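In what follows, chain A forms one complex with chain B and a second complex with chain C.
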Partner chain A sequence: MGVIAEQLSATFPLTYSEAIVAMGAAILGIAAGMLGALAVLQGRSLVGDALAHSALPGVAVAFIVTGAKDPASLLAGAILAGIVGAFMIVGIERTSRIRPDAAIGVVLSSFFALGIVLLTYISNTGGAQQAGLDTYLFGQAAGIVERDVEIMAVMAGGAALVVVAFFRIFKTVLFDRSFASSLGVPVKIVELATTALLVVAIVIGLRTVGAILMVAMLITPTVVARQFTNRLVWLLPVAALVGATVGITGALASSQAEVPTGPVIVLVGVSLAVLAILFAPGRGVAWRAATLARARRRENTSGVLVALETAMHHGAPPTPRELALASGRSARSVRRGLRDLSRAGLVQRDEGRVILNERGAAAAHAALESRRLWSAWLEHGWRLDLPDAREADPRDLRASLGDDAVDQLVVLEREATA
Partner chain B sequence: MTTLFSDDVTIILTAGLVATACAILGVFLVLRRVALMGDAVSHAVLPGIVAVFLLTESRAPFPMIVGAALFAILCVLAIEWLRGTGLLRADAAIGLVFPALFALGVLGIHRYAGNIHLDLDSTIYGEIAFAPFRTVEIGGVLVAQSLIISGAVAIVNLALVVLLWKELKATTFDPEFSKSVGLNPTWVSRMLLVAVSITAVTAFESVGAILVVALLIVPAAAAYLLTDRLWAMVAIAVGIGWISAVVGYTGAVQADASIAGAMGVTAAVLFGVALIASPKYGLLARRIALHRRRRATRPVAAQEG
Partner chain C sequence: MTPANDVLALEIDHLTVSYRDRPVLWDVDAHFPAGALSAIVGPNGSGKSTLLKAALGLVPADAGRVAILGGSSGSARSKVAYVPQRDAVDWDFPVTVREVVEMGRYRSVGWFRRVGRSQRAIVDDCLERVGMAPFAGRQIGQLSGGQRQRVFIARALAQQTELLVLDEPFAGVDARTEHAILGLLGELRDHGRSIVIVHHDLGTVRSTFDWVLVLNVRTVACGPIAETLTPENLRRAYGSDAVVAEEPEPAPWG
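Let's look at the complex of A and B:
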């Protein structure tokens, strides 16, 4: 570990201890991203919150028993307590009438209360020895030393190996529990393993992010990754990458500003998640809104075009006002449509009147034709004789359905009208 | 001038009143399956408290309540917005919003910890042990300020629940019916969560930001195991809250540990007892009932066979 850290501090403008912090944060991010995904995709991300809180009394008990701040034994205590917490959540849910949300809440607050009692007990009775146990609440990346990183690396590596080795099994159980059990997959054991892995991820993050905010570190990488991919094979590595980025950024920023690491990491991660939710290509809220606005605008323009063609057909070229009246559109939407049409060179203005030119007339006919085809598809589409399944796109039926289908449609429509 | 109560009694009364205020609301959180929204809201009030503290440089209760309620509403709306995008699950939405708000609060406290009388430890543990020291004079006797505040919140919550009893009951147990008679369950839920945030901010001083959750959820969940009647559930939850206050304080003083933590642990133990020994829904009772049913059906099955 030391060698890598020296390498890092030689390559990047980091001190040796900053390099250690960055490595610890990266390992945490990778573990939390990858293992958190398993819980988030099952809709059990808040179980992670409860388990993170229940790790706290584990740390305290381990300290009371061993009387020393050895990271290995403290983390072992945390793992044990986390697993006990997990069993209690499942036990309360399964054996009583308490619903999952209340079961999570009860375990979370009970363990945390116990942890607080033990921590205050330790700090009121122990001497200077105990100093620093409260970094487990909000995390303090600056306090991480080589030995911590070694332990974290071993745990994260082991967990990653398990996920890679049993990837297919995890995938099957994650997406279809009953299908998996019909295949003979031991679903309960797999779920137990998922929870155990979750506890491992939490324990890795305990020193850096702290028990209270760890849940966000489990969720954010998956939320970000989920906006960019639909496939689990990609989701896990992307989540790990996002986790590592968030971890390194937050840990370095917080140790420079000398504030608790957990809040900084959480704020970095959540901002990233909000950005992804807003702007992810294809899925993001802003992206979808822009696509919708473009589609509406296109519809409006084509509607104004058709209305103009109809008006020209009936007599003199209309003014925009007359066009609005005749087509039943608002003056604003007609103005907008006309602006788009004249930009495309389909209409001309003459003394306040709008004239469709030759190209415009052709475009209007094409638009009418496409509308007619679409209603023909809606009416007769089911009678088409096609060799395969095709998806119709109202914007371009010919391209999406194929020439053979459209020709059949035209014939069917003619028969119907005849 | 005389003080109205001794220090011990003041602390226990304050704790009991905080627990009462929490338990009354917690019952509805548990029944409406939004226990974790209560958790989220009580975390989310922290930045509100800190912001008001920084702006007004005082701990006056009213501005704090306003600040906290604003952030609670922000938290609820943010969670609803994230859910509405359909891009992530409801639980992930909760898990994104409240840690972010809580993190803001923690950073604010840490940044200005030197200037204001607010620190991370009191955020988490609360300072109920100091409750007797801040007093106000009422009618010639000194009464602890926190006692008055927590009493007021307990009364307000009680009044809220009594006045809206029908509405709460209908929207909790039959949201479809309540919609059909013109009650909006979403608005009732939001109002409940705002009440939770106000309770959380006043409880904040005495039991800390996180242990509020223990007093909200645990007594109510335990009461849910013990009864089927709503009013009985409220009464039992309040009772468990008071037992937690008394036993928790005594235990904490003896072990020299956090009073708020000890209250939470007591409530947890009581929940455990209810889980195992509840006469109707406890593990033991169910075991026995199952055993009896098996015994009763065995001869019938043999005869039929």
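Let's look at the complex of A and C:
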């Protein structure tokens, strides 16, 4: 570990102890990102929150029993308490009529309350050496030493190995529990294992991020990663990478600004998540809104085009106002549609009147034709032979069904009208 | 119907199942011949899905014996492909169509070995047969209900088992998909495979299936369609209000 830290501090503008902190934060980010994903995809994110809070009394009890701040024994206490918390959640869910969210809430608050009482007791009775256990509440990256990083690395490495080795089993159980069970997978044991891995991730991050905010470190990397990938094989490494980035940034920033690490890490992570939710290509809110707006505009333009064609068919070229009245559209929608149409070179203006030119007429006929095709599809579509599971899209029947199917459809329609 | 072999596809003997203190199935006896397309019908809450799950050992039974293709349910599990109800899974889960179908190969390939070229060819073939080959790379959430069901069927095909068990595969599925899947299942039956489906449309049961179990917590009747799907039996299962047309309905896609 020391060698890597020295390398890091030589390569980057970091002191040796900052390099250690960065390594610790990276490991915790990787573990929380990857293992948190298993819980988030199961829809059990809040179990992570409850387990993080449950770990707190474990740390306190371990300290009271051993009387020392040895990281290994404190972590062991945290693990034990986390496991007890997990069993209590499952036990309450199974035996009583309390719903899962309520069970999680009960365990979370009661363990946390116990933890606070114990921590207060310790700080009231102990001397100066005990001070510092409260970093387990909000987290502190600055105190990470080489030995911490070693323990974190061993635990994270072990957990990562388990996930990689049993990847297919995790994937199958997380996606389709009853199918996995029909293959003979011991589903309950696998679900216990994901909870155990979650406890490992929490324990790795507990001192740096703190019990209260640890849940954000478990969830946000998956939220970010899910915006960019549709496959679990990619989601896990991407979530780990996001976790590491968030961890390093947050830990270094917090030790520089002398603020607790947990809040800083959470703010960094949430900022990334908000950006990803808004702007990720494909799934991002902004992206989807833009796609929808474009589609609606296209529909409006095509509607105005058809209305104009109808109006020209019935008499003289209309004014935009007449067009709006005749087609039952708002003046604004007609104005916008006409603007797009004249940009596309399909209409001309003549003393306030709108005239469809030759290309415009062709475009209007194409639009009408595609409307007619859609009606024909609804009427005769069931008689068509489709080569595969493709499905008709009213916005573009030809692209969605293929030329062959559309040609068949035209023939069917002609037979029906003949 | 293909003549039943000596070995039954699925034999259920005195099966009793309850969820907590609520009985779901009482003393159900039923048998499904091999090489036949069989349906399980009955009103809501009559225990159709539970019967399948208990037969496959997915929910514990209070009493009773189940034999799958002559073997007990534990050892015979590898001979069954199970298609759960579609709403049992999270469709936003990050897997592609191809990956889901590949899950059907895991039992043969093993959980730890690579999925080799011959295995991938089987997956391709199954995707092709349900018409989902062009959608192999899609995330499953981008599919319609019918397409999702086709993916599930492809996964079951990929398991290459003697017996296929499907739970309400046509709920919320478009008519074209239902027709395509029924056609595919008929083909499988013609090649000697056995199929058991929980189904709710008595019209298609009458026109396409070979064998039926009418269930209402107990077995109302079990046997070939013509002798079993009688107004009398349906009244016993669904109550006297259920007036069921006796003449076979025309297949909508015929």
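In this text, the second predicted complex is superposed on the first by the 417 of 418 C-alpha atoms of A that agree within 3 Å, B and C clash if a C-alpha of one lies under 4 Å from a C-alpha of the other, contacts with A are read in each partner's own complex, and residues count from 1 in each chain.
In this text, a contact is a pair of C-beta atoms (placed from the backbone, for glycine too) under 8 Å apart; a residue touches a chain by one contact, two chains touch by 3 or more.
Predicted, not measured: the structure shown is a model, and the values here were computed from it.
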item	value
Which superposed partner A:V117 touches (first chain B, second chain C, both, neither)	first
Partner chain in contact with A:L267 - chain B first, chain C second, else both or neither	first
First, second, both or neither for A:L183, with chain B first and chain C second	second
Chain B versus chain C as contact partner of A:L386, first or second or both or neither	second
First (chain B), second (chain C), both or neither touched by A:G43	both
First (chain B), second (chain C), both or neither touched by A:R226	both
Touched partner set for A:R168, first chain B, second chain C, both or neither	second
Partner chain(s) touched by A:F63 [first = chain B, second = chain C, both, neither]	neither
Between chain B and chain C, more extensive residue contact with chain A	B
Contact residues of chain A, present in both the chain B and the chain C interface	43, 226
Chain A-facing residues of chain B, complex	30, 33-36, 38-39, 82, 85, 87-92, 94-97, 99-100, 102-104, 106-107, 110-111, 120-121, 124-125, 210-211, 213-214, 216-218, 220-221, 224-225, 252, 255-258, 260-265, 267-268, 271, 275, 281, 283, 286
Contact footprint of chain B on chain A as seen in their complex	40, 43-46, 48-49, 92, 95-99, 101-106, 108-110, 112-121, 124-125, 134, 137-138, 212-213, 215-216, 218-220, 222-223, 226-227, 259-260, 262-264, 266-267, 270, 273, 277, 280, 283-285
List of chain C residues in touch with chain A within their complex	53, 56, 58, 77-78, 80-82, 84, 88-90, 93-96, 99-100, 103, 106-107, 111-112, 130-135, 139, 144, 146-147, 150, 155, 175-177, 180, 252-253
Parts of chain A lying in touch with chain C, wherever the complex brings them together	41, 43, 165-166, 168-169, 171-172, 174-179, 181-184, 226, 229-232, 234-235, 382, 386-391
